[in-house]
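Next, two complexes with chain A in common: one pairs it with chain B, the other with chain C.
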Partner chain A sequence: MAKVTLKVYRGDKEKGEFKTYEVPIEDGMVILDAIHYIQANIDNDIAVRWNCKAAKCGSCSAEVNGKPSLMCKTRLDRFAKDEVITVQPLKTFPLIKDLVTDVSWNYEVNKHITPLTSKDEGEWVIYQEDIERVQEFRKCIECFLCQDVCHVLRDHDKHANFAGPRFLVRTAGLEMHPKDTASRTKYLKEEGGIGYCNITKCCTEVCPEEIHITDNAIIPLKERVVDDFYDPIAKFLKGLFKK
Partner chain B sequence: MDNYKVIEHDVIVIGAGGAGLRAAIEASAQGVSTGLVCKSLLGKAHTVMAEGGIAAALANVDSEDGWQTHFCDTMKGGKMLNNYRMAELHAKEAPMRVKELEKWGAVFDRTKDGKILQRAFGGHKYKRLCHVGDRTGLELIRTLQDKGVHQGINVYMECTITKLFKDGDTISGAFGYYRNSGEYVLFKAKAIVLATGGVGKSFSVTSNSWEYTGDGHALAYEAGCDLIDMEFLQFHPTGMVWPPGVKGILVTEGVRGEGGILRNNKNERFMFKYLPESTRHEFAETEAEASQWLEATLNLTKSTARRPPELSTRDNVARAIYTEVKEGRGSPHGGVFLDISYQDSNRIKQKLPSMYHQFKELADVDITAGPMEVGPTAHYIMGGVRVDADTAQSKVKGLFACGEVSGGMHGANRLGGNSLSDLIVFGARAGLHAANYAKELKGKPSINGKEIEAEITDLERPLNAQSGQNPYDLHKELNHIMSTYVGIFREENDLVTGLDKLVELNKKLDNLKVVNNRTYNPGWHMCRDLKNMLICSMAITKSALSRKESRGAHSRLDYTETDKELSKVNSAVFKQDGEMKLEHTPTLSMPEELAKLFN
Partner chain C sequence: MTQSTVNSSPAHTTKTVRKDNWWLEPASIALGFTLFIIYATFRAFENNYYEINQYLSPFYSPKIILEFWKFSPAILVLWIPAGFRATCYYYRKAYYRSYFMDPPACGVGHGGGSSYCGETTFPFVLQNLHRYFFYMAALVVLWLWKDAFDSLFFQGQFTFSILSLVMFVNVVLLSNYTFGCHAYRHLVGGKLDCFSCTKASQTKHKVWQFVSKLNEHHMFWAWMSLFSVAFTDFYIRQVASGAYSPMRIF
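On to the complex of A and B.
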């Protein structure tokens, strides 16, 4: 039976190393299947998160040959025959064990974003064409791959000053909601640290939901911040036309 | 002894899917301190995977719809075994709960005149499923998650509850471990809401995740609750069949709701053959009529054409597919063909985006260009904790249950889309009544320290063992037993053999061995999960043996007809003197004004 060789990171906060495993290949197999094979047959204690096995829940994020990926969506037959595949945890978050990292910081960031705010208490009439963009943002499965790849967090550790692409997407989904009346530009400029983003688009490249994070969310938000804080006339006009 | 952490709340909700989140939001809105505990990260519960939609008689697309029709559809789908009062409350309250979701930020697909769009689904007379493409569950869970977070609910993520405590006959707390650290934790509470979901992990081919080990069912059983209707396990007709790694992953009923056609390897549209006499008149008689219905649906216009036969109830479609395959008319990988590719490819990608990606990426199939291969997969358990319809309270004082872990709402077979609505209707009710109960309770129920010590010893046995079996091997054995002897079609001999094998397997639970320590150790977690899966599997098998008829999702080869006497009883499994007992208890009888609706 054909086999694949995987080098998987094993370890915790204190110490760790790559361990090599040989796993028999089945048709259509994905990385997560290989990890499950290891769990059931070789090392029961290998830690990994997963739920849906169909790229819908965003649990199984890891770095496969250095690329932030969903393990349930990464097919083994995409790699060259005999290629050794390395699987390691997300670098941007503290390690708990093996492939599992502590992503709780993300949940804290979310608490600071003003939720949907509307005074319209009647039945809502909303047209499909007015929500296409918002629905794009709401596809986010919170896999945090974009957070992992963004250099502001990954290389510069600006967790305290920058919300990261995932939460810029979330904010955009609220700001562009047809019934929302709150303004989040102050948040974006200060706590959210949108100024740290220099539009490298790395986040967009890894997003498994193919959300155009930079073009559709971040750039329009940056424009709103500029309008509100650096362009008094635009701010005045916007005030006039806001419902 | 203080080798565990102690946390105290008025209400503890166990489970953070749609039901648990909605319960926690309601409880905390009542001003009681509320804690929400879940095994995965927040937002990753099963609810996130729901695809097709949420049923509510808003009548936005078919103006004839109303709660009465929704109620009747639900009861008929459940072959009248449902707790009628749950079905009634559900049909009446679902519209209000869906509109509430919209106000909290859910962005549903729209009709041309700007209302929430609704699609057709199996067993629903009218177009009733509110949806967001094929990712409705994601929209629902994210909306509730954000609402809950901003309301100040305390969330304890990646924490598994293993035991409930009582003070006399009153609930007093829950015990468990944090998955991350292995640290133990005791939750003291006045009221507890179970919202732990289902049991599918006992079967080898399932749409369910690692979380579905029936923990809530087992916890409630151990605490003295009744588990009713456990023989009714829904096999969803359309799961993926290839490649092996994705076998069982769901293909939403939305595909058929949008016009997907089922064919066998003779290119025959076989569902016409399998319509039960009792509902045949509700379905198209010819392919031409089915096409007319579709035409009208796509153009959002009216037509007198009836629904295509693919939209029969799930129990029926699953049996049809199983039979086609068994009789040699299956597809190359042992399923049948489901085809939507005859429609405009952009429309398919817009209405079924995640199905498009799922097949493209995992199976190398372009569903806009050719058919999918699909077959039945263990999906949902209708059975669960017996509760009072209005308050969601179980037999144990202060213990409430809602969502998939509760029983009664769906009877012998659940209609698609009726789960998501069930979650928010009864989640809200459970949260409200748990909060009221906690407010009224005098004094604090206590927890016996000895029971905690015993629980810790029990949990640690496989870590301390010198030798023993691999828990994953036992899991495979369990899957094999359930899939072989307690599958879609059942008969006496198989069920008896299955039960014997489960009893044998149960003995091996004391002899498990895992390596390493308690820090994020899935092997160790699996040991306790197995115990819960076995309790549920035995309850399913015993209940299946006791129902000597075919009804809804329960099909017996040795009793192929429905039985009049059995139409009036629910099976109930409970623990007595340390043993699993079973009783048939009478169904609730409907008041006249509801019974009239079926004339």
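On to the complex of A and C.
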């Protein structure tokens, strides 16, 4: 029977090493299946988080050959026959054990975003063209792969100053909502730190839901911030027009 | 916001474990940009062979001749497309990756450091002025349409040459790039929260949809128009210097 070789990180954030495993391949197998095989047959104590095995819960995020991926969506037949596949935990969040990281920082960030605020208390009638943009952002499964790959967090450690792409997506969904009346541009410029994003698009490259994070969420938000803080001519003309 | 929680475990000791040729894309982009910049700088300062009969090079258009200006007239114009491209969201991505290596590719470490400011401080905070460059660049593109039409007439007679065709292709590519701009996409309708609310916003929605279509392939138009503008200038230079003919068809 054909086998695949995996190099999986085993350990915590102080001590650990990569351990090599050989796993028999079956048709349609994904990385998460291979990890489950290891757990059932070789090392029962390997820690892995998962829930749906259908790329919908966002729990099984890890780095496969250096690319942030959902383990349940990464098929083994994507790799060359003799390739040794490296599986690491996410880098951007504190490691708990093996492939499991503590992603709770994200939930803290989320609390700082003004939720949907509407003055319209009647029954909402919303046309498709008005909600289309927001629907794309609602596909997010909170896998935090985009947060993991974003170099602002990953390499520059700006957790204290930057909300990260996932929360720019959420903010975009609120800002563009036809019934929402709150403004979040001040939050974006200051606490959310949108200026730290240099639109290098890695978040878009890894998003399993194929949300156009940079083009459809971040750049339009950057332009809204420009409207409110960096466009004196438009402000002046608006002032004239109002009088 | 909350305190830093970055992971510094033995799970990530190398800059990357990627095995693909991740360096190929940033390296080719750096090479492409560098070649273009060298050629454009040479042509801007050459101050010669930019015009022959009804043909005018896009590097020198609109042609501005001022009494006191003793240098190449290209310098009076080129800062507009140069500023437009330098602040373009696509080119920003490309040169932050290729020249600044920040990051060179996804999931590839680059020494990092917490002194990173992104686009929050000078000079990169000036990227926020992109829309002003858009306004000026749009006028330049309209002018290039005029140049393309002017190239069809010599001494009052209609004429058509391969060089005119090149000029038209160039201005179409430049228009697709310019009018697929993210800032324009925002200004033309993206800034609205409700597209269906008024007659005006319904019209804006239609324009926004069209601009969004162009915007989806913004990188493609950015490169195509970069090649075509250099090629158009090169062709006109060769014709003006007598090396090539404009290849008149009729």
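Heads up, the rule we're going with is that the second predicted complex is superposed on the first by the 231 of 243 C-alpha atoms of A that agree within 3 Å, B and C clash if a C-alpha of one lies under 4 Å from a C-alpha of the other, contacts with A are read in each partner's own complex, and residues count from 1 in each chain.
Just so it is clear, contacts are C-beta pairs under 8 Å (C-beta built on N, C-alpha and C of every residue); 3 or more make two chains touch, one makes a residue touch a chain.
A quick note: this is a predicted structure, and the numbers were derived from the prediction, not measured.
Chemist: Determine, under the contact definition given at the top, whether A:196 touches first (chain B), second (chain C), both, or neither.
Modeler: It touches chain C, and chain B stays clear.
Chemist: Looking at the overlay, does A:100 come into contact with chain B only (first), chain C only (second), both, or neither?
Modeler: Touch status of A:100: first partner only.
Chemist: Give the label of whichever partner, chain B or chain C, reaches more residues of chain A.
Modeler: Higher number of touched chain A residues: C.
Chemist: Can A:188 be said to touch chain B (first), chain C (second), both, or neither?
Modeler: In the superposition, A:188 touches no partner, neither chain B nor chain C.
Chemist: After the superposition on A, what does A:62 contact: first (chain B), second (chain C), both or neither?
Modeler: So A:62 meets neither chain B nor chain C here.
Chemist: Now for A:6: first (chain B), second (chain C), both, or neither, which partner does it touch?
Modeler: neither
Chemist: Who does A:26 touch here: chain B (first), chain C (second), both, or neither?
Modeler: first
Chemist: For A:40, decide between first (touching chain B), second (touching chain C), both and neither.
Modeler: first
Chemist: Quick check for you: in the superposed arrangement, does A:71 touch first (chain B), second (chain C), both or neither?
Modeler: Neither partner.
Chemist: Per the contact definition in the header, classify A:145: touching chain B only (first), chain C only (second), both, or neither.
Modeler: A:145 sits against neither chain B nor chain C.
Chemist: Which residues form the common part of the chain A surface touched by chain B and by chain C?
Modeler: 12, 102, 127, 177
Chemist: Of all residues in chain C, which touch chain A in the complex?
Modeler: Residue list for chain C touching chain A: 1-12, 16-19, 89, 92-93, 96-97, 102-103, 106-114, 116-120, 124-125, 128-132, 182-183, 185-187, 190-191, 193-197, 205, 215-216.
Chemist: Going by the contact rule set out above, which residues of chain A touch chain B in the complex?
Modeler: 12, 26-30, 33, 39-41, 43-59, 73, 75, 96-98, 100, 102-104, 107, 110-111, 115-116, 118, 123-128, 131, 134-135, 138-139, 141-142, 174, 177
Chemist: Which stretch or stretches of chain B touch chain A in the complex?
Modeler: So the residues of chain B in touch with chain A come to 40-46, 48-49, 99, 102-105, 107, 109-110, 113-115, 132-133, 135, 138-139, 142, 146-147, 149-150, 155, 157, 180, 209-211, 242-246, 249-250, 354, 357-358, 361-364, 470-473, 475-476, 514-516, 519-524, 526.
Chemist: Give the list of chain A residues in touch with chain C in this complex.
Modeler: 9, 11-17, 63, 65-68, 83, 86, 88-95, 101-102, 105, 108-109, 112, 127, 129-130, 149, 151-163, 175-178, 180, 191, 193, 195-202, 205-206, 214-215, 219-220, 222-227, 229-231, 233
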